[in-house]
Amino acid sequence: MILHGVSFDARPGHLTAIVGPNGSGKTTLMRAITAETPFDGHVAMNGTDIASAKPWQLAAIRAVLPQATPLAFPFTVIEVVRLGLGSGISAARGHLAQQALARVGLQGYEGRMYQDLSGGEQQRAQLARVLAQVWEPVLDGQPRWLLLDEPVSSLDIGHQLIVMQIARDFADAGGGVVAVMHDLNLTAMFADRVALLAEGRMVAQGTPAGVLTDANLSCAYRCRVRVNTPPDAGTWLVPHAASV
Amino acid sequence: MRALAFLLLTALPCAAQDRIVSLGGSVSEIVAALGAEDRLIARDSTTLFPESLTALPDVGYVRALSPEGVLSVGPDMILAEDGAGPVEAVEALQQAGIPFVSIPEDPSPQGVLAKIRAVGEALDIDAEPLAAQVAAGFDRAATARADVTEPKKVLFILSAQGGRLMVGGEHTAAGAIIELAGGINAATGFDGYKPMTDEAILTAAPDVILMMDRGGDHGAANEVLFAQAALGASPAAKTDAVVRMDGLLLLGFGPRTPDAAIQLHDAIYGG
Amino acid sequence: MVAIAGCIPGDRSDRARRLFFWLLAGLAAVAVLSVGTGASGVSVMDAAQGWLAGNLDPRDELVLMSIRLPRLALGMLIGAALAVSGAVMQGLFRNPLADPGVVGVGAGASLGAVFAIVLGGMLPAWVGQHTVSFMAFAGAGGSTLLLYRVATRSGRTSVATMLLAGIALGALAAAMVGVMTYMADDRQLRDLTFWGMGSLAGASWAKVGAAIPLILPAILLSPLLARGLNGLALGEAAAGHMGLPVQRIKLLAILAVAAATGASVAVSGGIGFIGIVVPHLLRLGSGPDHRWLLPNAAVLGAVLLCLADIVARMIVAPAELPIGIVTAILGAPVFLWILLSRKGVGAL
């Protein structure tokens, strides 16, 4: 998908969700932010132009959770998480890998072979690796970033909530989170800001209440959606069966 | 072993080497023909005649020698046909202070005589009687050759594996012995032992098929051989002219080569 | 609460570290065995006594200093080079079955060697008696550079393209080897066959000296690739996200493999199985972490090749078997047995 004239910003302390239908350019936007694909334009992170930054400079301020991560060799879970720690694994930092595993609900899984885990467990182990890379949301006064590409796609609802809460906590502690999301209800529950893409263009950007409206969503997803905002339950969405 | 060598050296003041490793089938054959078989202590894997030599320890293929393997038999001289190797192994053997004599190789009467003289010189044996005897043999072969009025075309088949014929072209020992026997090598236009196509065999029209006399496909029966369309149509098939000879005798280019040439001549022309 | 790294379950780095020292001890034992074993029956004890007494027999000294020691040194260098090259290639291609042949090193080297054996007489005199080694190395280096060029677009190397181009180049090289085989005479044919089976019989200090500048830096620098190869296990994108200079790692890995394998093949011909079996055994034993896998592979490769060499030169003494035959005959059944005794498909 090619993006046209997309201006996007995310702030530290916020969980910013990128939503939109399949093929709308969410992943392309994410790849631009992670400097994975070349592009015309400008992406800055903490004031640094990512196109000219070295990989290790970027790795110090942001970590990326891809949609799926195949693993080539039989590593144990703890070994996978430690890959996120990079060089210089001291005893204390080694301990960090275990904390990260506990954080995603995988305590006791250290000695298991990664390839023997279920899809959801593998995704959480990868999240632990990513968390270990940027364990402190703010380091030396600089915010750090979690860039998550569909972090809850293969998880059950309980683990979806756990993972979104981890992202929420990271943002609340001063770090920045950008997440590509499919589930609009979870987006409405956890995001501070939402960017809605369709066909390579930015449809709307702002607070969940401002972006996730009947009109915007119906236009972007080409189907009728009703947004409910009962006073005691936050926002939740009901799609209509009939298409527009 | 040092003590033993010392005793032998004092016992033989002429210092003639008598712990010799011979590398190369024809070189070993010449050593035996010069009556120095008892001075050999080891051989290479191509040394198969006289058969008594096969009882000696085998130091491997002449082009893939192990220096320590050769040293372990305790030689005081190494006689090798041209091209023994690898280079590093030969260097190590020379470093050990063991005379390493390289014998030139050329499939021709002059080449055989030169080989005999070179081996004789290395062994400190007068090789002239043997050389004269072999030269006389070559003369007899030449006389036999001179009587040939209608030379026959001879095709040497190295192997007939799976119906594919591997034949001896130009610059081969097979071609040389055919000519010594007064024949014409039917396979021309290429060097070495190569597979030959049916049509080329048809065109070559050999009068006689020459093969090595040993098991397997090398010794394919005449009817199997002539079942092949190209060979079946050849003049050789009509007269059932197939000559089989011992491979070493035929292609070895040693002291027995005049005999081989005469035997082959007789087989071709019904001497 | 401070945890010691080794106490964390699933952390195999302690085991890998202990294994390294056990392997080093094994290498020392094999070295003594190798120096003390040979067709001529000179033993280490005899030689040491002779040396201390100052009356070491000159022939024994030659056997030890000019035949067995360079052979041991060359065996260690080549065993380490083949095993490390295999581990690096497998890490780079994320595939436990990759070997240096994948990037055309083997094909290029054999093409060069075959050319030298068959057309040796036509080459300039200065390459002299080491033509085959020289041409094998030139072939290995040339084909690797060619494949790297083919697979690199705008500064990014596609390992998939490299794999495909390697297969194409391999087919071309095999065909050229066929042409050379057709042109070869009897003796050259036997040379070709023996070259393809590999041998350490031509070991000399000159060969060790020629191999060291290429093999030793590749082995000693390979641990610098360890983090990169670990990261690549998660895929190229993830490795980049973790801050690894992926393109630089690929280039360095390919250069190291070309140098180490090219030099090995050049001095000893084709020796198979070490590059596949050694990294696989070590991954089973102490995990795939390349920080330990690479140094352990170097030592285990050296141990196994030196053991194979002892077998190669003793079993038909005073002749010897080509070592490539020994590594395959001993290596293949062991490998099959490991595959059979592993349950599940995640074993690789």
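So that you can tell them apart, the chains are marked A, B and C in the order they are listed, and the count of residues begins at 1 in each.
Definition applied: a contact is a pair of C-beta atoms (placed from the backbone, for glycine too) under 8 Å apart; a residue touches a chain by one contact, two chains touch by 3 or more.
Predicted model, so just to flag it, every value in this text is computed and none were measured.
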Most centrally placed chain, judged by C-alpha centres: C
Chain of greatest Cα-centre distance to chain B: A
Where chain B and chain C are represented by their mean Cα positions, the distance between them in whole Å: 39
Centre-to-centre distance between chain B and chain A (centres being mean Cα positions), rounded to whole Å: 79
Chain centre separation in whole Å, for chain C relative to chain A (CA means): 43
Interfacial residue positions of chain B with respect to chain C in the complex: 2, 42, 45, 57-61, 63-73, 83, 85-89, 91-92, 95-97, 191-194
Residues of chain A touching chain C in the complex: 34-36, 54-60, 63-64, 66, 69-80, 82-84, 86-87, 89, 91-92, 94-95, 97-98, 110-113, 115-116, 133
Chain B-touching residues of chain C, taken from the complex the two chains share: 38-41, 57-59, 62-63, 66-68, 129-130, 182-187, 190-191, 194, 199, 201-204, 206-207, 313, 316-320, 322
Chain C residues within the chain A interface of the complex: 1-5, 8-12, 91, 94-96, 227, 230-235, 237-238, 240-246, 283, 287-289, 346-348
